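In this document, chain identifiers A, B, C and D correspond to the written order of the chains, with residue numbering beginning at 1 in each.
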Amino acid sequence: MCRLLAYKGTPIIFDELLYKPHNSLIQQSTKAREMEEPLNGDGFGLGWYAPEISKEPATFISLNPAWSNRNLRSLSAKIKTDCLLAHIRAASVGGVSEANCHPFQYGSLLMAHNGNVHSFSKIKRELRNELNDEMYHWIKGQTDSEHLFAFLINHILTGKGSFTIENLIESYEFTFAHVKALMAKHGIEEPAFLNLVITNGEFIIASRYVTDTQHEPRTLYHSEGARYIVEDGVSYLAAPEDDDQAVLIVSEKLTDDDHWSMIPKNHFVIVEPSLNVRIRPIKA
Amino acid sequence: MCRLLAYKGTPIIFDELLYKPHNSLIQQSTKAREMEEPLNGDGFGLGWYAPEISKEPATFISLNPAWSNRNLRSLSAKIKTDCLLAHIRAASVGGVSEANCHPFQYGSLLMAHNGNVHSFSKIKRELRNELNDEMYHWIKGQTDSEHLFAFLINHILTGKGSFTIENLIESYEFTFAHVKALMAKHGIEEPAFLNLVITNGEFIIASRYVTDTQHEPRTLYHSEGARYIVEDGVSYLAAPEDDDQAVLIVSEKLTDDDHWSMIPKNHFVIVEPSLNVRIRPIKA
Amino acid sequence: MCRLLAYKGTPIIFDELLYKPHNSLIQQSTKAREMEEPLNGDGFGLGWYAPEISKEPATFISLNPAWSNRNLRSLSAKIKTDCLLAHIRAASVGGVSEANCHPFQYGSLLMAHNGNVHSFSKIKRELRNELNDEMYHWIKGQTDSEHLFAFLINHILTGKGSFTIENLIESYEFTFAHVKALMAKHGIEEPAFLNLVITNGEFIIASRYVTDTQHEPRTLYHSEGARYIVEDGVSYLAAPEDDDQAVLIVSEKLTDDDHWSMIPKNHFVIVEPSLNVRIRPIKA
Amino acid sequence: MCRLLAYKGTPIIFDELLYKPHNSLIQQSTKAREMEEPLNGDGFGLGWYAPEISKEPATFISLNPAWSNRNLRSLSAKIKTDCLLAHIRAASVGGVSEANCHPFQYGSLLMAHNGNVHSFSKIKRELRNELNDEMYHWIKGQTDSEHLFAFLINHILTGKGSFTIENLIESYEFTFAHVKALMAKHGIEEPAFLNLVITNGEFIIASRYVTDTQHEPRTLYHSEGARYIVEDGVSYLAAPEDDDQAVLIVSEKLTDDDHWSMIPKNHFVIVEPSLNVRIRPIKA
């Protein structure tokens, strides 16, 4: 099972999120205490924005376990960002290769996925063939995640053209509905778990979605606060007290307290550039 | 905690030992169900002999988790050997680098270590300075294991000269006694765990040893049989029924049955070229 | 530009071919004296057969330069084979990833390619869409080479069914003709260079082919002899003197003497299981 | 032969230095047109400072050829720094491993070396034994370069204590004199080439030095200007026209014009925090 984390807010040094908390993604990946299947590290990926330099994000991908990547450890103490998306992969569909590592990047957009489309190979070919040439050739790996992202982008490229929050929301819904239709056509009865996080560095959109009614989607939480704090290895978002602001979206709660709100089933959570957070249902 | 396995017997294809058993080293490294600290794979190493080609072994080392190493998986199905030594590392002393991966090789000898010397850096410099120039420069990494092996070889090179079972036994005992003396001199009170397996492809010597009387050494088992069998993912050594023979020495039992004999505390287990197995006390 | 080598004959230790000759593939990759673009090593791949264990080959792939791959160096001195296919890649189409490394494997077949299809992305989608589902999903990378091999196999799978020399020859010709037709349809005027080597461990088929009449195909040589010899870093095939036999097919001559025969333009060279060598024209 | 580059000045995005110039370190490493031995990439390393975050630098090391490292390429377009030290390694002493990659880091200091100490293993043990325990254990690899840097730091740690320009200059001279004495003692007659660049992010010190009188040291140039510019793949430092300032120190000239001053034989070049550049003789 994969894990993901998205942060948007006051600029922060990476290792505050990645290494210092006892319960950080990377610490989790080495401990794996509560999981049936440990996060053995079939790839770790990180994307972040430096808006003063470029609208496009930088990405860093590791096929080795994140905890022993000396470059990542060194960089993490020396780079700040106001928007970061991190993902640890447990290989389900597609081998362990750079091309299969999240986050995926298209222009200024990053995407990470927690979940999977069951029996994806049954619909992969048809889904890919609906892409325009640009997005067809953009795909480099084998994962369901990359194909979903390509389809979602393709719908905008061949339609409304601009990657606004509203257009992305509409494309999420179109994509999910289309995946459901393809699954039905090809007789896939098991649900698809579609928690997708997309950001352009200014806003974040995340879905908590499952394609059938009997199952619960994968967990997805958000937390808001004045700012992100790590003390003695415990991280939290301090209660609002001034203008600093920060939002976290995570696949698992980082602490046991009540700072974390579960996104309702089949809903979006949207972090606007102002850091205002909206929840709204997914129509698909 | 590291894990190790040594096999000597009828030629066998690697993946019979490494992949096919549910409880193989590599399967263990991905499941790690019963361990407090999972074997997350800070390095995997394999050494084996092809006596028809060379007296020196081949080695294969992976810093990535073994289970996602496509070269290892491909090779394992296509190479046979009558003597193999495998090791999975959980980094304790020394970073994750090729130079710190077991097994270590000196000429026709291979060595793998399960355990550690507590506060090794306190005695490392003095231990290394006692080596002759050849062995001093032979050391490429930082681990206690590599230094112990260098010291053990050095004692033979500067003494009896030949790497016979008896000379190795004597050098094990000299090395362990010397480590104890250095630990005492430098005020190290915690025990050193010294399960070392050495082979030249013809014989195997393994120690189950701890430097103090209050602690138990790390576990070490051996099993003997007519031949090694994997059925439905369960591996065992069949009871002797003909001239085929095979011996396994492992840090953990591969099955729950009574095929496995624990090496007594502070004893050697010696597999002779005839596959005869001897147990004898370690005098140190 | 890529380089390739295929060997079939008396069993040989790998490093006799790969490291010992001054002019070996790996030595060439570090020196690159005579090339405009040095072989900087965007991937090295090796496939070989151990017929006593399996009909399927083992493969070993390195994204690092071959000369610094310690596993390859260690293995090469300890494994023998009677049939080996090696390839050094200089990335032209497709990034540097395991999925893009030659040789490609399908069942018992290996394939390596020297050359390229110009503007391949213009015909890639159409070519891939003609594959059956098995071969469509078999493709893991982005290279023209992998797609050509998939198409060639697909033609047999959906036709004559068995991978005999004659069926492979016919499929080569069908594939080349089809690529030419697709190139014409999509307005690609530059030639495609199609030196493909396919082996199943028992026979080797290699094409020396270019799609237009004005250009010469890439070079391709073969050499036959009693056995392969390396003396003082110079390798050659000794003149027939007894029953030992060996054949080499190489993209560049390994020595300056007259042991090497250039395959004529647009011809196959076929090494039969008997080691008999046939040359015949490519009808495409 | 290794190559190195140090930059100090107006903050600059990495790829302006590393990728965009036709003659950049990384472009050179793929072309290697004028070299007898191409820079095949036995490791690439980069260190840089983000003074607003930490006095300690970040480092990034690649054992793969730099040109195919996707993380490096992505990072390079998104990070700015006012002080960067880059090094491409052609392995001479020590294997290809992370521990042998330049630049080496000690606290806020970075060091890269172009050159070598001939027959270094003859003096390595004695040199290392003179270190205090901290520096003895600080060494992780096998290179002459890392040992020289450890010795140079050790002299300050056990003496004047602070890493000022003057103390570093004195320690360079002490280290070079000591290496010469050890070489004489152990009968090494070939010269040692000791171009060492050390920076703390605020100043840069570089030596151009050879231990005997008959040989020339390795080349080392500096260039100063108003700012660093890349146009159409050609990089240069613009003539002073305003307060922006930048200094480059490089092992090879980046352009054929007269912007580059060779450091005189056995001299230091010192870039002060003000960007003032001083040349002074090395007394050793």
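The rule we apply is simple: a contact is a pair of C-beta atoms (placed from the backbone, for glycine too) under 8 Å apart; a residue touches a chain by one contact, two chains touch by 3 or more.
Here is each chain with its UniProt name: A, B, C, D = Class II glutamine amidotransferase.
Bear in mind the structure is a predicted one, so any value in this text is a computation, not a measurement.
Common neighbours of chain A and chain B, by the contact definition above: C, D. Looking at which of B-D and B-C shares more C-beta pairs in contact, the answer is the pair B-C. Computed from the mean C-alpha positions, the centre of chain B lies at a distance of 40 Å from the centre of chain C. The distance from the centre of chain C to the centre of chain D, with each centre set as the mean of the Cα atoms, comes to 42 Å.
Residue numbers of chain B whose C-beta contacts span two or more other chains: 70, 95, 98.
Across the complex, chain C meets chain D through its residues 29-32, 37-38, 40-42, 63-65, 67-68, 70, 91, 95-96.
Interface residues of chain C facing chain B in the complex, by the touch rule stated above, are 13, 48, 50, 53-54, 56-61, 70-71, 74-75, 77-80, 98. Residues of chain C touching chain A in their complex: 95, 97-99, 121, 124-125, 129, 133, 136-137, 140, 142.
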